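Notes for the one structure printed next.
Note that the chains take the letters A, B, C, D, E and F in the order they are written out, and that residue 1 is the start of every chain.
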Amino acid sequence: MSSETSKMSAQGVQVYYGANHALKDVNVEILDKTVTAFIGPSGCGKSTFLRCLNRMNDTVASARVLGTILLEGEDIYDKRVDPVTLRAKVGMVFQKPNPFPKSIYENVAYGPRIHGLTRNKAELDEVVEQSLRKAALWNEVKDRLDAPGTGLSGGQQQRLCIARAIATSPEVLLMDEPCSALDPIATAQVEELIDELRSQFSVVIVTHSMQQAARVSQRTAFFHLGNLVEYGETGQIFTNPRDPRTESYITGRIG
Amino acid sequence: MSLGLLSLIVLGLAVLGFLAGRQRALRLAQGDARRLHSLPSYYGWQVFLFTAVPALALMLGWAFLQPMLVDARVASHLTLAEGASLELMMNDVRRVAEGLTLLPAPSSDLATLKTQLSDAGVALGAELRPDVLTAAREYHSESASLRMILSGLVILVALAGLGLSLARINPEQRARNLVEHFVLVLLIGCALVAVATTFGIIASLVTESWHFFQLYPARDFLFSTEWNPKFGGGSSLGLWPLVWGTLYVSLISLAVAAPLGLLAAIYLSEYAGPKTRATVKPLLEILAGIPSIVYGLFALITVGPLLRDYFAMPMGWGDSSSSVMTAGLVMGIMLIPYVSSLSDDIINAVPQAMRDGSYGLGATQSETIKRVVLPAALPGIVGAVLLAASRAIGETMIVVMGAGAAAKLSLNPFEAMTTVTVKIVSQLTGDTEFASPETLVAFALGLTLFCFTLALNVVALVIVRKYREQYE
Amino acid sequence: MQTEKHIVSAFDRDLEGVQATLMKMGGLVEAAILDAALALETRDAELAGRVRAGDAAIDALEEQVQTECARLIALRGPTASDLRTVLSVMRCAANLERCGDYAKNLAKRSLVLNGMMPIEGAPGSIRRMARAVVMLLKDALDAYIARDSVKAQDVRQRDREIDQMYNGLFREFLTHMLEDPRTITPAMHLHFIAKNIERVGDHATGIAEQVIYLVEGRIPDEERPKASGVAALTEASQTAPRSES
Amino acid sequence: MTDATLHSPQPPRSLLVADARTRRRKAAETRFRAYGLIAISLGLAALVFLLTSVLGNGLGAFRQTFVEIPVTLDEATLDKAGTRDPKAMAKVTTVGYGKLIASALEAELAAKGLDTAAVDSKAIMGLMSKEAPADLRNQVLADPSLIGQTITFDAAATSRVDGFFKGRVTLESAARDSNISPEQLQLAQAMADVGLIETKLNLWGFLSAPDASELRPEVAGLGVAILGSAYMMLIVLCLSLPIGVAASIYLEEMAPKNKWTDLIEVNIANLAAVPSIVYGILALALFINFMGLPQSAPVVGGLVLTLMTLPTIIIATRAALKAVPPSIRDAALGVGASKMQSIFHHVLPLAMPGILTGTILGLARALGESAPLLLIGMVAFVKDFPSAPPEGLMEPATALPVQVYQWTQRSDPAFVERASGAIIVLLVFLLIMNAVAIVLRRRFERRW
Amino acid sequence: MSSETSKMSAQGVQVYYGANHALKDVNVEILDKTVTAFIGPSGCGKSTFLRCLNRMNDTVASARVLGTILLEGEDIYDKRVDPVTLRAKVGMVFQKPNPFPKSIYENVAYGPRIHGLTRNKAELDEVVEQSLRKAALWNEVKDRLDAPGTGLSGGQQQRLCIARAIATSPEVLLMDEPCSALDPIATAQVEELIDELRSQFSVVIVTHSMQQAARVSQRTAFFHLGNLVEYGETGQIFTNPRDPRTESYITGRIG
Amino acid sequence: MQTEKHIVSAFDRDLEGVQATLMKMGGLVEAAILDAALALETRDAELAGRVRAGDAAIDALEEQVQTECARLIALRGPTASDLRTVLSVMRCAANLERCGDYAKNLAKRSLVLNGMMPIEGAPGSIRRMARAVVMLLKDALDAYIARDSVKAQDVRQRDREIDQMYNGLFREFLTHMLEDPRTITPAMHLHFIAKNIERVGDHATGIAEQVIYLVEGRIPDEERPKASGVAALTEASQTAPRSES
């Protein structure tokens, strides 16, 4: 189903928030063209690790990241790496749909604009259309690209955010509980979209819902108390986990 | 060259720099912006900032320093007459110098020059003295030459910034990061203005109070119960009558504002329908938007006489239209919206879930308010009342116009009393001479007032802040 | 049964995948039974060997179906008709696997029979019965695919015919044994073969019952319409004990 | 568990019967509601009382009693050379014009057949403002072509005559008044009857005229005060908006959250609540005493009001920035915008309505502020208009609220009316500013 | 498992919000000592119906309720019924835990106090303790009854709210998505509690999570577009629903 | 397997309930087999009748287990070991139900045999074998309860002994048939009875495999350790074909 080449590779990642050791020696290979899910109880460090992958943790003053994270072999925490460029390559979608209060078009065009990815309006139009198509939103919005993005329904907004992230042609898409603010039907649509996106991107998704992880991911990583307890093929994690903590969590014996 | 023109030139250069920088970056990237580290306009902005900011900063600094430099040099030309102040003479010098720049052909004769000057709109109080004229001439030429030097320097700095930053442009240059750092420094500078203000307030209050206490014993100021300034000297400048008046007025105003404001806030946020709320709330807030001078006038011409004619005189409590009661009542009206608005916000900040919880248990609305909403909002409401108190203590115009000027320690609210702020105004308006204790006492009063309100504010702010965090 | 698509199409994909595997299994099992019966008739040791070897593939498919279904339940948490579908797939696979075993057993016994005295007509009868039972199995699987509960009921009815064929063979072989004691050993094998083929019919009925479960949400009440209950037994007591053996 | 002991004393109650306790609770509810209503009514009544008092006292200021007389502008007296050279014409002083007016008035009275026996000619002139001749002179100098013509000259009546027609002055009060006699008033009444004296709208005159001395309240206007206030507002706007916004951006978005920024935050909140008079003291000590800026100048007023407004704007701006949900920042950062880009592209534009609203409200507060201006000498009597900025910023001026204060300090009761009138003007400005703010807020209000 | 006597009975309930017909002819019997779950897509009227049951809809000016709702045979919309008394009998627990910012003790004591249910402090203490015990919270808080209720964890807060509702000895407990603001472990604890409460109260729970409805309820009502589509035994609804709409919803074919 | 409790104890309760039903079924099945064997030996028609009637209870229990399990999956969406538990319960129930069928069939045939010539020693041998297989079944269920995979492996090994007992009986009955053609019909019935008891052993093995699946998450590789593969077959070709029939 998914090619097994590694896209990102985290080696011995540790994160401290001040004195709080939030993440302890995490080693994960994010595979190319694969949906990887991070599950685990609240506060176990899923989001923290996710935000390490595109250095969103840089914006938290107290956060300190140790270890190496490679994107296609290059250390993203190298001094010469500009986090801004990195984030264009490792896009992010957030828990609550957060379109800019601008037109749909402008929402999608923003990334290409600030990164100077297109040379003219025609190219930009093309990028916007392609991104919206990939996000399975084009047909719903093509007649009202000038309408404000905030006027869309929750699920559409989230897909717009995905389109926006896609527009900078990232290699990896990070999603932090992208459906937790959506109703079930919108959730299903976004899950469906994630399933489709996997043919083109690596997708990493944090979710509280084990059902969701089971539905959309090919690989699952289980975090517990800042440790990466188990990482493997989703089917195996859910039918026959190796670690008793994973088993306990999956079957609802620990939170 | 006037400062305005100079700044225009600098800005013009900066705009040119912007265009050139952008262009150069694009050219270096062979027209494909994607090869640049940053967007082309950042290269332009970088040149703009390096051209404009140092030059303008130099200009501003110079503008502040120049008068001091010139003053120092010119003062040597003046022979100071007995009793005359250097300040006043320097004022004359400046005026004359200014006049000289206006006159196309200033006469050398003193008398004609004076008429010439007065025709030009420079009215001189005293005779034009020769040494003043020399000083003015000196002043004039000094200023002119300094201004020339400044202009040259500023333009040079601007050009240097432009050239250097243009030369540094290359496609790998992190123009965006550079610009952003630059902007950050500007932002920090602006943030420091607020700090500087506090610093300025404290410094000016403390230094002048220091001067005052050298002239007048601090013990008398702090512990005497008599206030009786005499401009001839031998004043008694005791703080207590003023403090008493201030507190008395504030108490009365709070006694009016706190219950009315709170009840109004409760009604508006809990009972009133959206329509009532939408009309009444802004109406009440008008009360807060009305300047205190208006309340002052209201106290002076309406409330004062009213109270005197219908309460004080018939009851035999006094016959002054200025009274603590007048000022307190009017100030109370003014403070209603301060209490009600803040309380309203605070009551609204109590989550609806809290009310639902109470209704869900079968509580009536007033029970919900009294037992759930108000206790939850109490710290915030206390904070609101404290802030209103701070405002009452520092309020000036109402007491100046409504409370009277007599420093008294009395309990009768229909008597005129005075407050700290009233006395600050009365000691500092008119001809001020910064040498007598009667003037300088105002700074000591200011310091007292500042400390009072500071304490109240800090307590109130801490309470309000804590309260806000509760629901976040 | 639902005809609309799931909102998340991955589930539909998975479900279709596992049902396709089931059908593949069905094809293999049908072929195995027919081949084994042919091998018996033609005394073709090589074909019988192939059938025996082929059972491993059926077993592997069954294991795949069971694992896939468990995975599907674990990952998708199906409910209502979806759950019934998954459970019915699991049960059908178990049924088919057992049928595969019978085919293998038939092939094995046919190898054994190759070395013994042939019994006149018996292999032909066996093969006829095998053909009939494969038809039944096919129809059951068709009914499954089409979610056709009418056809499934029909399959359940037709299982009686298989039972009757078995009863006939039972008597026939018994006659042979009584007539000629040398045929006792081969007839014993034939007895077991016939019994197994009759069991295939029962499993086809089991699949048909899954169809009804799928469509109507409940397993049909009596296990299967019986020839006639106790009456059949007393009769059979002289011949062959019925069915659930 | 001992469930049985729980709530055992309660007999099962039917929903349909209200017990005594329920009825008591309902009554308490009604009472509580009434208290709130009373409080609101009292507040609103105070507002209404205040406004009617101000309006009642101040509306008169927009009307002015004028003596209307046809005056022939005699070339011989006014422009002896006949060259219409303004310089030459300026040689004729107000005294000359005074005589011209006096004769014209007496002629007119005679023409209308009014009995002037009870009043002498000085008293007749006393009906008109002392400013009248200067007024006429200004008219002529402004338009020399008038010379030789007969124009209808509207001379402002003195404050007493004005007061008489507005009901403030009566014959009895005139009897006790050294500035006017009952006879003069009777004459004035007679002149009014024949249309020589008329009370009419004088909006422009009130708004544009400069202040006038203690003796001529009837011509005192708000021109200088409005201009001074405008200059100060200009300074406040130009300084406090950019500085305030920049400071807020730093504090809200950029600054690390530590003790220092916490201190700055408390400091700013405190600055917003520091009594305005303290700012006056600061300005006096810093700008005037230390830096040597001129007293009474709009620049000093502008600077001190800027300092006062800054915390308000910073607080409003920070609130507006805070109201922009963090998700917007995350969104921008997530597609690879830098922090500055996320702020300047997204956060700031979204916060702009809030910032502008806050700024306008801050300006409104500054416009009505008087205490600090008193201390920096803006109470001085200023009759001359300051020139255009930037020079004008250094010239003496006054401000609306201070003008009010000044007028209340004068003894002539006519100034009370003027002060109230000035307040109406002030309130109208504030009303406009607040209305703009409200419209802005309504228009761009965003619910996230 | 559950006795089959009816506690509340809704007959032909219709709700309008202004012109919006939000609920159409709903007939439901809420059984005694049973957990009844309301499920259905967003906006289908679950909360609306729930809030009809204790007249919380009275606080919404535009809401108009037609039909009859009986509580033990008495029409709760009768003119003589004071909603205040009704709500003491039909308690409610909300989506977000909303303890009053008072001590734990005061939170629980609030209801009995305003309704005057106890004669003295000792009785009140007893009621508080019993309620906290029933809410499975007593052991966790017994040593800090004076600590503020807001200082508890989310799950504890929700159980406190339940204790508070129990304290007025209601006959029916309404819960509107009581776990949607909680993390999985707290959710599980609250679900467990609901399961225990059923031995003493009728519990009616609105939930977005079908899994939750399946886990905790004995009866399930499925709402769709303002209609009550199906109401029956939970096991049956989830394994073999009668209405094709229910089937579609349960199996994730309509949102 | 997990030993901690679920956070939501209702699941544990349900799971325990269904496993208790399973154990009850096991008890019924064991008793049925022993009773049927006893009825055969003692020619006790009344006991045999009771066994036959008792099968309905076993069937009902099986249906209950299956419905409960489906319900559990629908309502709780179990995963990992929980899911395996549920699935294994379903499979074990199917196994036990089948064993119940065999017991019923034994009882039926014992009724038929009552009316025929007794074969010396055969019922005793059958009963010994039945006792052995019931021991096996019991051990398998014990292993299930204790989640004891070692014991389960042991059960799988011991199934070989049952197979050997069956082979012995097969020869014995064949000898009887060859010696006295009158015994052919009753011996046929005994053949089928022995075969069925051997199948009960297989089902016990099946339950043991579920234990291993439960504990280790996978079905053991070879279906069961065989006596000796092809060697056994060539030997058996003269006697009885092994097992998977």
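Assume contacts are C-beta pairs under 8 Å (C-beta built on N, C-alpha and C of every residue); 3 or more make two chains touch, one makes a residue touch a chain.
For clarity, every value in this text was computed on a predicted model and none was experimentally measured.
Hopping across touching chains, the smallest step count from chain A to chain D is 1.
Identification of common neighbours of chain D and chain E yields A, B. Interface of chain A with chain E: the two copies contact each other largely through the same residue positions, with over half of all numbers used appearing on both sides. Of all chain pairs, the one linked by the largest number of contacting C-beta pairs is B-D. Chain A has the Cα centre that lies closest to the mean of all protein Cα atoms in view. One finds 103 Å separating the Cα centroids of chain D and chain F. Annotation: 49 Å between the Cα-based centres of chain E and chain F.
Inter-chain centre distance (chain A to chain E, centres taken as mean C-alpha positions): 36 Å.
Computed from the mean C-alpha positions, the centre of chain C lies at a distance of 52 Å from the centre of chain E.
Residues of chain D found to touch two or more other chains are 25-26, 338-339. Among the residues of chain E, those touching two or more other chains are numbered 84-86, 114-115, 185, 188, 211, 214, 238-239, 252, 254-255. Counting partner chains per residue, chain B shows two or more touched chains at residues 176-177, 364, 367. Under the contact rule defined at the top, the touching pairs of chains are A-B, A-C, A-D, A-E, A-F, B-D, B-E, C-E, C-F, D-E, E-F. Those residues of chain A lying in contact with chain B across their complex are 82, 84, 114, 116-117, 119. Considering their complex, residues 4, 64, 67, 71, 90, 176-177, 179-180, 183-184, 186-191, 193-195, 197-198, 200-201, 204-205, 207-208, 259-264, 266-268, 270-271, 280, 282-284, 286-287, 289-298, 300-302, 333, 336-337, 340, 364-367, 369-370, 387, 390-391, 393-397, 400-401, 421, 424-425, 428-429, 432, 434, 442-443, 446, 449-450, 453-454, 457-458, 460-462 of chain B touch chain D.
Chain D makes touch with chain E in their complex at residues 1-3, 5-7, 9-10, 13-18, 21-22, 25-26. Considering their complex, residues 185, 188-189, 191-192, 195, 211, 214-216, 234-235, 238-239 of chain A touch chain C.
Contact residues on chain A toward chain F in their complex (touch as defined above): 210-211, 214, 238-241, 244, 246-248, 250-255.
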